[in-house]
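Structures incoming, each one as structure tokens.
Each of the next two complexes has chain A plus one more chain, namely chain B in the first and chain C in the second.
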Partner chain A sequence: MTAFDIVTSGFLISALRSATPLTFALVGETLTQRTGVINLGLEGQLLVGAMCAYAMTAAWGNPWLGLVAGAIAGMALSAVHAALVVGTRANQFASGLAVWMLGFGLSAYYGSSLVGRKIESFESIVPKSVADLPVLGSVIAGLTPTVVLAVLIVPVSALWLWRTRTGLRWRAVGESPEDARAAGANPSLIRIQAILLGGLLSGLGGAALSVDYTRTWAEGMSAGRGLVAVGLVIVARWNPWWTFPAALLFGGAEALSLRLQTADANVSAHLLHCLPYVASLAILTLTYVRGRVSSAPAGLRAVMDR
Partner chain B sequence: MKLRNMLRSLVATVAIAAAGASSAQTIGYIYVGPEKDYGYNTSHDLGRQFVEKSIAGTKTLHVENIPETAEVSRVMERMIKSGASIVFATSYGYLDYAIELGKKYPKVAFMHAGGLKLGDNVGTYWANSDDAIYLGGMAAGAVSKSGKLGFIAAFPIPQVVRSINAFTLGAQAVNPKVTTTVVWTGGWLDPAKEAEAANSLIDAGVDVIGEQVDSPITIAQTAEKRGIYVVGKDVDVAKFAPKAVLTGASWNWGPTMVKVVKEIQAGTWKPSHIRGDLKDGTVVLDPFGPAVTDTVRKSILARKADILADKFEVWSGPLTRQNGAEILPAGKAMPMEMLESMDFFVKGVIGTVK
Partner chain C sequence: MHLSLRHISKRFGATLANDDVSLDIPPGRVLALLGENGAGKSTLMKILYGMIRPDTGDVVIDGRPVRLPSPRAAMDLGIGMVFQRFSLIPALTVRENLALANPRTPWIVGSGARRVPGLLDRLRDIAPDVDPDARVSTLPVGQIQQVELAKVLNLETRLLILDEPSAVLSDAEAERLWSLVREIAARGIGVVLITHKLADVRACADDVAVMRRGKLVGRAEAADTDAPALLRMLVGDDTVATVSAEPVRRNALPRIWIRDVSADGPSGTIRDIDLRIAPGEVLGIAGVAGNGQDTLADACAGVTALRQGEVTVDGETLFAPRLEPRNHGRVAYLPEQPIRNAVGPDLSLAVNLSLRCLRSLPWMVDRKQMAKTAADLMERFDVRPPEPGRRAETLSGGNLQKLVAARELSGSPALVVACYPTMGLDVTASAAMYARLFAMAREGCAVLWISEDLDDLLRYAHRIAVLFRGRIAGVCDAGPASRTRIGAWMTGAEAFA
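And then the complex of A and B:
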């Protein structure tokens, strides 16, 4: 097996697996930010999602129940952000940080008895024999339900945001809440919905991380992926269509940094670990150099300038 | 991060206050990570529980998730004010804070894990797990069909580099042709990366994985799922991956801690560097998993007996570097400085230390 084979064999599916939890969180945060709200609490929502999903799966033996529990838990935690930001007009950054810490603490406390529990989880959705197919065989054979769900959620959310009346209303609120109100929309209600939807999706991302991807619960296991998702929203230029390439870029770079080591690439591991961040920064710089800087919702700028 | 630290110190204050009244027999424990990580911190917490069980009338306080910052001084001071007369600072980066605080509280005894500095009332304890990891490597070398081993580790520091080399040397003692491919994850705890690193190694044909991250649990469970094997470290996780775990090198801090505490209480304690190993039982070779055959078990146990009887030394020549250059000629033992600052891989390891 050559170095090239080792990198390519299973690389695509490994990139997809890495990108899956990130995609859920990223799509959710993109939709939230489209209405003019930033939620830094994503990291905490991922953690409670992961913890609750793992607990549910361990207790009932059904990973689907786990996904549902994770989604609900993420949404419940994001309700704190909604209440603070929309209800009391609290500073969005402070509120997001509070949600992050709350999620970290709650998941650590209630998750401590789950460490080391074993769960039965998803199997590949296609028969094993598919793996022998040339080129894409290993990718198709490695597909689990959460990977497929992550891939599907991208076009659904994009079409919904760009092609439906409610999507239009959400975008309008993000551009200018005043104008949206004048046009008959209720900005507060829409922002609450957007925060809760973001919470639901990030909870689902956490569930994918613990129940499907690692089949482990560990305190703080999201290891910064929530913050990365907040950053990748900019790389994806607040466009749900671009969330998947952005998540795949990051997940792919992460998978590559590990695979290059198994292929004896003889590159310093410290440099390899920078790869996902360097790649994201490079894309960000490239797209901004090419202009169209103003893809951020105008309402979001009000948050930044305040 | 500031906020996170504040939250932690709040939790720590409550935990210490809840533990309540002062007593000459109160002992404080501080962990850098979760006490239930099923890894390094759990091993120290098992030691704490052993102390509480073994010495009647002893009460322990423990606080988890304390970063290696000035925060640890504050936690130690609060413990002392709550009556702790002995403090176990269990993480490497706590050393300078323990030394500093030792000057301020001369009547309190401090025990630090792994440090190389002493104070008038600051001692250290640590144990050398190389022998046990070498024996685990023998199991790996014997069980591997592909001759390709993997090792998933957090950071290229000497303690970890030693483990990787010891693992490889043990495996080569059984099958001289084996190689160990190293994957660094760049973090002590990142289950997603650990799982992905394991998957990458397995895809590349590796069929036994050694590890040195915070806890072996994710890697062991990934190995169990993919039908390959692991050699663990810090805490035995065989019950979570019964087929995959071959054996492991676990800590057994309890007896050392009890001995020190008894000495301190009797007034005979003098600060020193206490160093344990496989011989004195501070490091334990975990029970073998079902994949290790009787013949292999016998040869590993025979080698273990040789180590215990000082008839075999892991770090002795001939040893060669990755590129074939000589490290030690045949029959020569490795000098202490070289061992403690190890920054090279032996022949058969695939990867970079940089």
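And then the complex of A and C:
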């Protein structure tokens, strides 16, 4: 199999589709962490988003409604983290874990009736005839709205973070809340906004996962993507531009593991399922070995050190 | 804008920080607010800046009492403050920092805030040589202060408060600041200069107000006062002890030999440093900030690993590359910025004071004993307030410096490395700090003293070595005659000729 075959045979599009839910969560967490808050509850927000989106789509038959519902659900759950961390100054790790477990439990409980239900989901955004184009035809034909949205959210969030006053304020709060306050920003408010935006995006990621990627609901279906996202934020160096390659790496590893299974590779399916996580772990280790992670927001160090 | 403080009182626990203070601040004049550490001048200005609410009293602007619930409110009224601890964000660029504080910044700021119109006008006026796209963390302290000033002036400030602005500056930087302050006042802006340096008053103040123990004890026109009169107002009837170092025996063997040392630190590199310090000798290190002083100090204290060479005490190696440090209490280190480099900010004073003997503490620590030892030390070194249970971060800069001195100088070190040991200290406390250093020297200690205050170095050190770009540009005996040579070395005029 040559590299050319890999691209044309649909590997690229399956990597892209697998990376889509992760990209949303990753961009959201990157923005949250830029203000100096870590949200480990991402996993729970993904699950709640996936469940609500799936339920909405199943009930109304409109996947767009599902995306909206998923985003709102993710944001609602992250409000718990915001209330605990900003409101009561609770430990961010403890609060994040609580949110994760809460999301897991809620989504499992309310999602139990959804198991096995079928939904109408997104069609490809391009007409069938395009699929016959040489080379990239199959890739373009596989594009669904969530994939396009994920690809768009990366530059939008990057431009927003680097080139707007709001982004500047967020970064300032992440570096030094006291100095940002002295400069007229409200650190508590900005952190709440950042946590909620992270929740919204991870809910959207969960929605993309259940409604578009797997097109099914299963308990715990996010399978650690939320935690992977927390790790990949470091790989992406808190830079929205780098979130996409980082997510693609995970997506590529997952696509590869699926491909190897169908190719009857003589390896346990359980081991193959580990591939994306091993790849993420490896790249995270490499990031640290290559040098100091100097682009970390200074405010995060205070969280990590406690 | 004519601003008056009327009958301001503020109490913190047992101390009356401000006791019925009334002060007039006219526009277009520079008022120097003098006072020792803890005299209440910072408290007064924080009240004016809306950071602290007074217990009683009013702030009156142009005859109208105003409320100052927050710094934001003060800023809106045109009151700006530059703190001793800078409030710029190190990881952001100069432009980004200015854009952050500027209320007229548009929503789209562009990459690195390069699209904000008019952002740099003030900075260009006062500091044309600052690179606006540099990260603040890479700027020397003098430039950081200029950016800080530009930031405050960008806010249409009509009253500018400067909290001990010259404390962190070299002589040349301070002179630049003084002329800046004059220019700012010439534009009709009122300036309050919180300071305890008489040089600041001489150089740029129109009026002087003196505070002592929370009270305003005197006010005069700067031209009408002389240094002795000010000093009397400052310290009351206490006399300032004069200190001097003892002569040193020159033929003595080196107590400390910094031998051919090279090292790389976060704030600079040093190369091929070779210095010998005799027992009882005070070796001053002069140089413009950022020429490797911090790295030299860190290397001699064993904080930064050496790349090459060794540091020996009485012929025994203390530090060398790939060698576990063997100082075991033989090096006392007073680093710069003690809050960052020398204390655990959220540990109690008692714990901070015992950090040095951490290895020899019993397994079960006797807290009462620890608190008692701490109380004794704090009494000896005049750390205020003397409460062993208080967290270190609540101390003022000067008292932190004294706390670190109490810990480091109370053992029996062979080498004392002191970086800017009197920074943030008032006249009396500075004299006490010098007296302590010289007492250490008298007991046979070698003292490596890093300072930017050439006057003090020339007056108190035995010899002075000048660092330039990480290398020793020259070493000479201290004395008034050496000044020009040292100046030339500092600026690199005859570097390595």
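Criterion: the second predicted complex is superposed on the first by the 266 of 306 C-alpha atoms of A that agree within 3 Å, B and C clash if a C-alpha of one lies under 4 Å from a C-alpha of the other, contacts with A are read in each partner's own complex, and residues count from 1 in each chain.
In this section, a residue touches a chain if its C-beta (ideal position, glycine included) is under 8 Å from a C-beta of that chain, and two chains touch if they have at least 3 such contacts.
Because the structure is predicted, anything quoted here is derived from the model rather than measured.
Enquirer: For A:M51, select first, second, both or neither according to whether it touches chain B, chain C, the two together, or no partner.
Expert: neither
Enquirer: Between chain B and chain C, which makes contact with more of the residues in chain A?
Expert: After superposing on chain A, more of chain A is contacted by B.
Enquirer: Determine, under the contact definition given at the top, whether A:M221 touches first (chain B), second (chain C), both, or neither.
Expert: So A:M221 only meets chain B here.
Enquirer: Which holds for A:A185: it touches chain B only (first), chain C only (second), both, or neither?
Expert: After superposition on chain A, A:A185 lies in contact with chain C alone.
Enquirer: Kindly classify A:A298 by the partners it touches after superposition: chain B alone (first), chain C alone (second), both, or neither?
Expert: second
Enquirer: Which holds for A:R163: it touches chain B only (first), chain C only (second), both, or neither?
Expert: The second partner, chain C, only.
Enquirer: Looking at A:A172, would you say it contacts chain B, chain C, both, or neither? Reply first, second, both or neither.
Expert: second
Enquirer: Pick out the shared contact residues on chain A: the ones touching chain B in one complex and chain C in the other.
Expert: Residues common to the chain A contacts of chain C and of chain B do not exist here, since the sets are disjoint.
Enquirer: What residues of chain A sit close enough to touch chain B in their complex?
Expert: Going through chain A, the ones touching chain B are 1, 6, 9-10, 14, 17-18, 21, 97-98, 101, 104-105, 108, 112-113, 115-116, 118, 209, 213-216, 218-221, 223, 225, 254-255, 258-259, 261-264, 266-270, 272-273.
Enquirer: Quick check on the complex: what are the chain A residues that touch chain C?
Expert: Touching chain C: residues 162-166, 168-169, 171-172, 175-176, 178-180, 182-185, 297-298 of chain A.
Enquirer: List the residues on chain C that touch chain A in their complex, please.
Expert: Residues of chain C touching chain A: 71-72, 75, 87-92, 96-97, 99-101, 103, 105-111, 113, 115.
Enquirer: Going by the contact rule set out above, which residues of chain B touch chain A in the complex?
Expert: These residues of chain B touch chain A: 3-4, 7, 11, 33-38, 65, 150, 156, 181-187, 189-197, 199-201, 203-206, 215, 217-218, 221-222, 225, 237, 239-240, 350-352, 354.
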